[in-house]
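Scrolling down, you'll hit the structures one after another.
What follows is a pair of complexes built around subunit A, which joins subunit B in one and subunit C in the other.
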Partner chain A sequence: MRTDTRERRLDLVAFMGALCLFFSTLEYLFPKPVPFFRLGLANIPVLLALELFSPGYVLLLVALKVVGQGLVNGTLASYVFLFSAAGSIASALVMLAVHRAGRRWISLVGVSLFGSLASNVVQISLSVTFIFGSTAWVIAPAFLGIGVASGLVVGVFAKRFAERSRWFARMKEAIGGA
Partner chain B sequence: MARRRRPRPPNRLALHASARDVFVCGIVSIVAFLFQSSIVVRAAQVLVFAMLATYAGKRIRWGYFVMIVSSITLFNLLTPLGRVMLEVGPVTITSGALEQGVFKGLAIAGLVFISLFAVRPDLKLPGSFGGLVARVFYYFEIVLESRQRIRATALVSSIDDALLEIYPGFDGDAAPAGRAAPAGGAGPAPRLVTTTDAIGAIMLGTVAAANTVLAIVF
Partner chain C sequence: MRRLPLSKPLDIVALIVSILTVVAVSAFAFGDRAEPDAVSIETDDARFLYPLDQDRVVTVGGPIGDTLVEIRGGRARVIESPCRDKICILTGHLDATGAWTACLPNRIFVRIEGGVVGDGVDAQTF
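Then we have the complex of A and B:
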């Protein structure tokens, strides 16, 4: 019985990993206002996973998302993968902490905002340290501004989906929720 | 608002070489590339890696890479290093900073190009995590099949309807109702070869050996 529940959760994590890849491909359909800009649509399933799984499964989903994107985009052996992994892991840890600590007061919009900022701070730090040099801190405010905007968009969508989706309600019921 | 993507060109490298062998060649190339100290040789290597990536069916966005290399060089120029080449108002262009910036920019572009030709979705990762990644790709193909049903005007409800059909829940057993997910090892792209033929071996061997020799000589 316990094995069944674990297998169900693993299967759903794999399915949500596929949704991350799907949202990631959807992102390419939208024109980018600036070259480095990313909406972060692939984070929507991760935000939903916070309501479904325990932290271990959420981190597993993030690992699947990062590796899957690396394989699909062919960036697994490049700095892009390291940046993506570092940003995604930092974002997931912050989102898990905020979601656990402030579940009563902070909605998925707020959680997404914190996650997006964490990801941006880590990626800016890495690019300053390894690529551009310390002078690149001048562009940090602009990137953080973009992070706030994209975090809000993703958070609003995830919150609306979590409230209205019959599928999400069914999954929550099937595996018991976080 | 949304633009339609052009179909991706075929991966011709995948017709001759297995995902694992191409990946190993990529790893050897990365190590040799990073040990390269000549800026001219590094620039030539970047071009060769870009050609290989194109051969592997990847579309290179040249504008993006020119901008990456330019911006890395620009930020490096802000910290003067070495002989002064030019002074334009408050900006001083030094040879050391310029060389370092271009060198770093080429490294970044080269690593991305290597990754683009060396990594493909049917690369099987070992262990239970590798099995889960295979399961992700199995579901990804199913999700992609139903993308036409998603409407921008009713985004939440159309996605919800699609999800209810693709992954309706559990019928007592562990697998979702209606579908039986593979336990692992299921790779997409069945037309890709799983063993490397003679042409593939010659190509990959040449790439790996040439980069290694260049790293030793220069």
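Then we have the complex of A and C:
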């Protein structure tokens, strides 16, 4: 019985990893006014996962997402991949922390905002330190500003989905929730 | 029942913290309010400074070719670039301190600086 739930969870993580890949591809639909602009649609499955899984499974999903995005964007073998991985991991840890700590006080919208902030702060710090030097500061405000907007959009979408989707409710019931 | 997206207290805190971070970083990045007087052009391995009051066209080499930066009438802009998207050219004229454009594929970064000419050079000989 126990292994059965475990298998279901792994199946669901795999499915949501595939969703991350799909969302990463979907991002190509949106025009890129500036090179570093990203909506972060692939964070929707991660946000939903927070409500479904224990931290270990969430991190597993984030690992799948990072590798999937590297493949889709063609950055798997470049330094951009390290940036994206560092950002995703930082954001996952922050989101896990705030989600666990304040479930009564914070919804997926706030979790998404904190996650987006963490990811962007880490990526900016890395680019200031390793790649562009202090000139990266000039790009930072736009980068962070876009991050707030996209974090909000993604968070609202994830929250609405979690509240309304019957599929999501069924999954939550099937695997026992986080 | 329809609820507001920011229905829980920490959601609002998250939004405020995010906005404050953007404001703080903006203040840090654009805090330099000196009069614009120079154009800084950075490549992978060098940084060039040109006074804003002398008209010229600068050719800078990058990994995918030459980028042309025009300085004219106290403004600067990228007029030619080998990159695909031409975002650097579309940015248009730069004339305020801190204004910038970049050609990421060619690894070239153009920025207007203030308070450089005058205290940047100790002496000039001809």
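The criterion applied here is as follows: the second predicted complex is superposed on the first by the 176 of 178 C-alpha atoms of A that agree within 3 Å, B and C clash if a C-alpha of one lies under 4 Å from a C-alpha of the other, contacts with A are read in each partner's own complex, and residues count from 1 in each chain.
Keep in mind that, in the parts below, a residue touches a chain if its C-beta (ideal position, glycine included) is under 8 Å from a C-beta of that chain, and two chains touch if they have at least 3 such contacts.
None of the values given here were measured: they were computed from a predicted structure.
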item	value
Three-chain arrangement built on subunit A, subunit B and subunit C clash or fit	clash
Dominant toucher of subunit A (residue count), subunit B or subunit C	B
Which superposed partner A:152 touches (first subunit B, second subunit C, both, neither)	second
Touched partner set for A:10, first subunit B, second subunit C, both or neither	first
Touched partner set for A:132, first subunit B, second subunit C, both or neither	both
From 2-10, 20-28, 92-100 or 200-208, the subunit B stretch with C-alpha clashes against subunit C	92-100
Touching both subunit B and subunit C, residues of subunit A	35, 132, 135
Subunit A residues touching subunit B - in the complex, by the definition given at the top	4, 7-8, 10-15, 17-19, 21-22, 25, 28-31, 35, 60, 63-64, 67-68, 70-72, 74-81, 131-136, 157, 160-161, 164-168, 170-171, 174
Subunit C to subunit A touching residues, read off their complex	5-15, 17-19, 21-22, 25-26, 28-30, 42, 85, 87, 98, 100, 102, 104, 109, 111
Contact set on subunit A toward subunit C in their complex	34-35, 98, 102, 104-107, 109-111, 113-114, 116-117, 121, 124, 132, 135, 137-141, 144-145, 147-148, 151-152, 155-156, 159
Residue ranges of subunit B in contact with subunit A within the complex	1-3, 5, 23, 26-27, 30, 53, 56, 58, 64, 67, 71-72, 75-76, 78-79, 104, 108, 111-112, 114-121, 123, 125, 129, 132-133, 135-140, 142-144, 147, 155-157, 159-160, 163-164, 167-170, 173-176, 181
